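Here it is, the structure, as structure tokens.
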Amino acid sequence: MSEDFNNNKTIQAQSSETLTGGGGGGLTPDMDYVRPAEVTDQDLYHGHSFITKWVFCQDAKVIGVQYFLLATFTGVVGLILSWLMRLQLGFPGAAGFMTAEHYYQFVTMHGMIMVVYFLTALFLGGFGNYLIPLMVGARDMVFPYLNMVSFWSFFVAVAVLMASFFVPGGPTGAGWTLYPPQTILEGTPGSEYGILLMCLSLILFVAGFTMGGLNYLITVLQARTRGMTLMRMPLTVWGIFTATVLAMLAFPALLVGALMMSLDKVLGTSFFMPTILKAGEVLEYGGGSPILFQHLFWFFGHPEVYIVALPAFGIISDLISVHARKNIFGYRMMVWAIVGIGALSFFVWAHHMYVSGMNPWFGFFFATTTLIIAVPTAMKVYNWILTLWKGNIRMNTVMLWCLGFIVTFVNGGITGIFLGNVSVDVPLSDTYFVVAHFHMVMGIAPLMVIMGAIYHWFPLVAGRFLDEKLGKWHFWTTFLGAYSIYFPMHYLGFIGVPRRYFEMYDSPYMTSAVGMNEFISLAAFLVGAAQFILIYNIIKTLKTGKPAGKNPWKANSLEWLTPTVPPEHGNWGDRLPVVHRWPYDFSVPGAKEDYITQTTPPSEVVNTGVEKT
Amino acid sequence: MHPGIIFFLVILGSILFHIFTPWYWTDVASNWGGMDDTITLTFWIGGGVFVAVCLFMVYCVFKFSYKEDRKADYQPEDKKLEKILTWATTIGVVALLAPGLVIWNNYVNVPKNAIEVDVMAWQWGWQYRLPGEDGKLGTTQVVNVTDDNPFGINLDDPYGKDDVMIQSDILNLENNKPVKILLRSVDVLHNWYVPQFRAKMDAVPGIVTYYWFEPNKTGEFEVLCVEYCGVGHYAMRGGVIVQDKQDYSKWLNEQETFSDLIAKQQKINTDKTKLAKK
Amino acid sequence: MSETEKKNQSSTHKIGIYLWIWGLLFVLSFFSYLVDWYQFQGLLRWSLILIFMFLKAGLIMAFFMHLFWERYALVNVLLWPMTAIACFIFLMVAEYKYTVFTRLFYFFVGG
Amino acid sequence: MSDPKIDGLELKPGFKGMAEDTGSDQTMFKGVHWGKAMMWIFLLSDTFIFSCFLISYMKGRGSTPVEWPNPSEVFALDAFGVPVPLLLIAIMTFVLITSSGTMALAVKYGYEKNRKMCGWLVLATAIGGLTFVGMQAFEWSKLIHEGVRPWENPFGAAQFGSFFFMITGFHGTHVSIGVIFLFIYAYKVFAGHYDDQKRGWFTSMKGDYVEIEILGLYWHFVDLVWVFIFAFFYLW
């Protein structure tokens, strides 16, 4: 087995060398001095067989791609489910097989898949695995084996989730919030086996995610390269890092809730079950509290929103900065905003429960904390547009996605202020306004970021550019389509159309919106179909795309500075990079190029206006 | 076409859509007009921020498009600008939060003269109970619910005997008289919502929740269940008829009380036993 | 796998401190058992239980888990998240009081 | 474990040190092994799990109008014909604290590279843990015999049994996992894996006595949780 490891004597010698860093021949060695390595170099397990290299692989980059592909697969399932739902809503009865049971099962599975198995897994598992080690200058995640187990737990979780489509009674149709008591009672589709598989799948996901999350956290905290301080990390890493912290502290509540619900179902305990009269018979439950589940769920659920949003914030900051050729405006403010939003997100959960029948006095507390979050979030938005200001903006596909993100995110953020403000929430909650709000802010906006990130980092992962022309088509159909789905949808909420309605019947204010529903459905079909442009684009350019070469976007951060593109296992060849500055030194006055990479030692930029970071 | 133009058109379209939309609030029919006002205020402040931010973005896109020979500005931080923006945002947020909290304070504090209505929900329907002459509702328990006692009133509770029972999904209310809706459910979560009244609250099994409103328009309104409660959720509708005092009193007098029902049941039972004896 | 810097051999602690803490934990456990033995009730019982509990937990964390000797960076990272738990606890106390109130009021007491 | 020394960096104590550690490059927790940092963060996450259990228990117990069984009577045990309240629980507490103490000493001897002492102490800890699990099994079977079930019990509120079996069960699972690992590690210590840095079979990491501390952290955490369960479930 020993031949599978680096014979890393040379590397150790390198990392205990004490004086000048990677730059080497500067004029004044003192100026470029970076403290020697505290930790000896990581010795990695190099797989040789197909299975150890591509299946049970311990390379974070491969694991990232695996996460990405599996999450995308579940995302496509979620997309198809949403098509079926929109078919029913826009054109009732058009799909002959569609019963109310099916509809609610699709709603539930769509929600859970998109939030947990698609967005969370994609941002943290996909982008996190690929980018964290590269961006902080590590050879790999600190526990590669655990990382591999993490992915395969996720795989099993997805398999269990998908299996629930095929059990008697089908998947659970309880809504993605899984509110008891109806979740485990007759009258809700999938209350026999579907809900158990859902709970099991969530528990597996949490367990797997914990393994991955520990990796991300310790890699960021303990395995940065020389010179890489926390305040020199790209905001992408900050976003994913903070989101992982949230996940580690929020998923326990979900785990506990799922476990207690399974016990209620299987053993007949009454954690969440009060005395219940069903079809004239009193069930053998009593004394439990349904609200408790809601508290547990949202104690997880609200941080979960930011688990999706914070990586998006981070990634978008980097993309805007690189493609506007300008430093991110107010980097420190951005970091503190991410951390502040993350911390506050544990004190706002019950704003999802204003009309849930909880202690009514909570409304004051949660409305206040919720609107406090609006301040750092607004600051982030200002900083993004101030980054554009006086920039030198490349209008490529990546930038288009960024601009699309800003529009949709601000729109969704503003409607969030409606819903966070307790008495405004009363008429709007449980209506289509809510649906429109969260799709805009945590569906479309993060999706814009994901797409932007794909176009941005594809040259790194595959070594080739994606096709710009197809990319622009992809962007405009997605952006304009998605906006015209969700912007009018808010107004459905205003007229009072409740969410999770299989049919509208003939209520006067609902029938007035038939035309809008048809329009929204058509737009939804179009937007969904447009995503296949991306898949086509990827397949096409993998073979025939323009080769990207090293650092094609002229970015500063470490992931573009690997000796080989795409980076190999171990990332950095013989020598770990040494970092001298933050990753946002774009367009520094007096510098030769309009970017200064993080590894450029100060002695090479002595006569420029670069600020010390 | 420059992408900025399309983004500009999107913003413009949003504003125009908002102005000319045929889909907007149903007319408010209760005292909660303040909620609409807060929404309008939020629209002005929030919408203003949305438009301002997006237009600024469009401006930047036009003005600072990539040119080979130009270099972007280099300014990592501007403490003063950031401070101004933070405070401006904070003020805006406080301006939105304050009226919201005031209205919520009204919402959770029920006026003393409000008439209590017990709304009982199940999968999938409603029924209602009004206090009798004593002005108080009797206590209830789910286990008591039978055909003879459809509301599950505790038989030993003296307040319960004169309660008025409306075994229909349509409730009549008196105009301009505050109502305290007491919600309970015998099985799963429900939510009794009339869009025109704006107010809503979940009915949670195992506890009793409440909210109040004062209808101020006569007419018929549709009640919707807006908390997902199983496959019949979308079909779980009811109705409210808001009437003037006279009509309402007339209606109320026609309704059956719990003691009426008990008497009726006893009569049937005695008839049955008589029949059996014969 | 990689390794932190060379371990400093002199940094282990004297055995006495562990034995001391060990003894203290026994004594405190005994005390908290006595709370039940003597059937203290009400506020006295609850405060005694909490005091002994936190003392024991503090000793285990500080000495057995070495937090007392760890650098503040680690200690702070571990302790700050507990504010979220504290918030959760306080709000759930308010919540259960409200729940039990509506149950007693509407299902038993009435009026 | 306490005062790390790092070349080219002077570590300051207290909050100033914290600020400098946080602002420095490479690591935030100076001198903390990756695995140890991981275990700490994992324990933090696990703390949230147990907190959620205990908070649910508080909410469940507080909101039921049915009387809660008196733990002092339910968990009493007859000793020489006299019912002694919480006797078994008291013994279990002492056993667990004892094992925690032996674990602390094992960590100390591990760092001193005292293989024999360390191994015996880990083994003693494992046996303590096993005793605890055994006593818990006895307690469960006694209660089940008395008619306590997760869904009902003869003493009062139905939630009593639910929370009891769930929380002690979850804790017991932690103890059992810990016991398994303690036995494995005892073997590894005796076999000298940590002295000659033998790679682990599972993760292919090089062996080091720091792993004893990592295991120790887990074990003390299990003890810590028991302190809270003891206070809230048995005494309250």
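Read from first to last, the chains carry the letters A, B, C and D; within each, the first residue is number 1.
Definition applied: a contact is a pair of C-beta atoms (placed from the backbone, for glycine too) under 8 Å apart; a residue touches a chain by one contact, two chains touch by 3 or more.
All values derive from a computational prediction rather than experimental measurement.
Q: So, comparing each chain's Cα centre against the centre of all protein Cα atoms, which one is closest?
A: Of all chains shown, the one whose C-alpha centre lies nearest the global C-alpha mean is A.
Q: Where centres are the averaged C-alpha coordinates, which chain has the largest centre distance to chain B?
A: Of all the other chains, the one whose centre lies farthest from chain B is D.
Q: Using mean C-alpha positions as chain centres, tell me how far chain A is from chain B in Å, no decimals.
A: It comes to 33 Å between the two C-alpha centres.
Q: What is the distance, in whole Å, between the centres of chain C and chain D, each centre taken as the mean of its C-alpha atoms?
A: 13
Q: If you average the Cα atoms of chain A and of chain C to get two centres, how far apart are those centres in Å?
A: The computed centroid separation for chain A versus chain C comes out at 35 Å.
Q: In angstrom, rounded to a whole number, how far apart do the mean CA points of chain B and chain D lie?
A: Each chain reduced to its C-alpha mean, chain B and chain D end up 48 Å apart.
Q: Which chain D residues sit where two or more other chains touch them?
A: 6-7, 22, 28-32, 34, 37, 44, 48, 51-52, 59, 63-65, 203-206
Q: Got the chain A residues that touch at least 2 other chains?
A: In chain A, 38-39, 43, 142, 249, 287-289, 291-292, 295, 299, 361 touch at least two other chains.
Q: Going by the contact rule already set, what residues in chain C reach two or more other chains?
A: 1-5, 81, 88, 92, 95-97, 99, 103, 107-108, in rising order.
Q: Answer with line, ring, star, complete or other to describe the graph linking chains that touch.
A: Topology of touching chains reads as other, fitting no named class.
Q: Taking all chains into account, which pairs touch?
A: A-B, A-C, A-D, B-C, C-D
Q: Would you pull the chain C residues touching chain D in the complex into a rising list?
A: Those residues of chain C that touch chain D are 1-5, 7-9, 11-13, 15, 18-19, 21-22, 25-26, 29, 32-33, 35-37, 39, 45-46, 49-50, 52-53, 56-57, 60-61, 63-66, 69-74, 76-78, 81-82, 85, 88-89, 92-93, 95-97, 99-100, 103-104, 107-108.
Q: Could you pull out which chain A residues touch chain C in their complex?
A: These residues of chain A touch chain C: 38-43, 142, 249, 289, 291-292, 295, 299, 346-347, 350, 358-359, 361-362, 365.
Q: In the complex, go through chain B and note every residue touching chain A.
A: 2-3, 6-7, 10-11, 14, 17, 21-26, 32, 34-36, 38-39, 42, 46-47, 49-50, 53-54, 56-57, 60-61, 64-67, 70-78, 81-82, 85-86, 89-90, 93, 96-97, 99-101, 103-105, 107-108, 122-123, 141-143, 145, 183, 186-189, 191, 193, 195-196, 198-207, 209, 222, 224-235, 237
Q: Going by the contact rule at the top, pick out the chain D residues touching chain A in the complex.
A: Residues in contact with chain A: 6-9, 22-32, 34-35, 37-38, 41-42, 44-46, 48-49, 51-53, 56, 59-60, 63-66, 150-151, 157-159, 161-163, 166, 199, 202-206.
Q: Considering only the defined contacts, which chain A positions touch chain B in the complex?
A: 100-101, 104, 173-175, 179, 181-182, 185, 187-189, 274-278, 282, 287-291, 324-327, 329-333, 355-357, 360-361, 363-364, 367-368, 371-372, 374-375, 378-379, 381-382, 385-386, 388-395, 400, 403, 406-407, 410-411, 414-415, 417-418, 421-424, 426-431, 476, 480, 483, 487-488, 491-492, 494-496, 498-505, 507, 509, 512-513, 516, 584, 586-589, 594, 609, 611, 613
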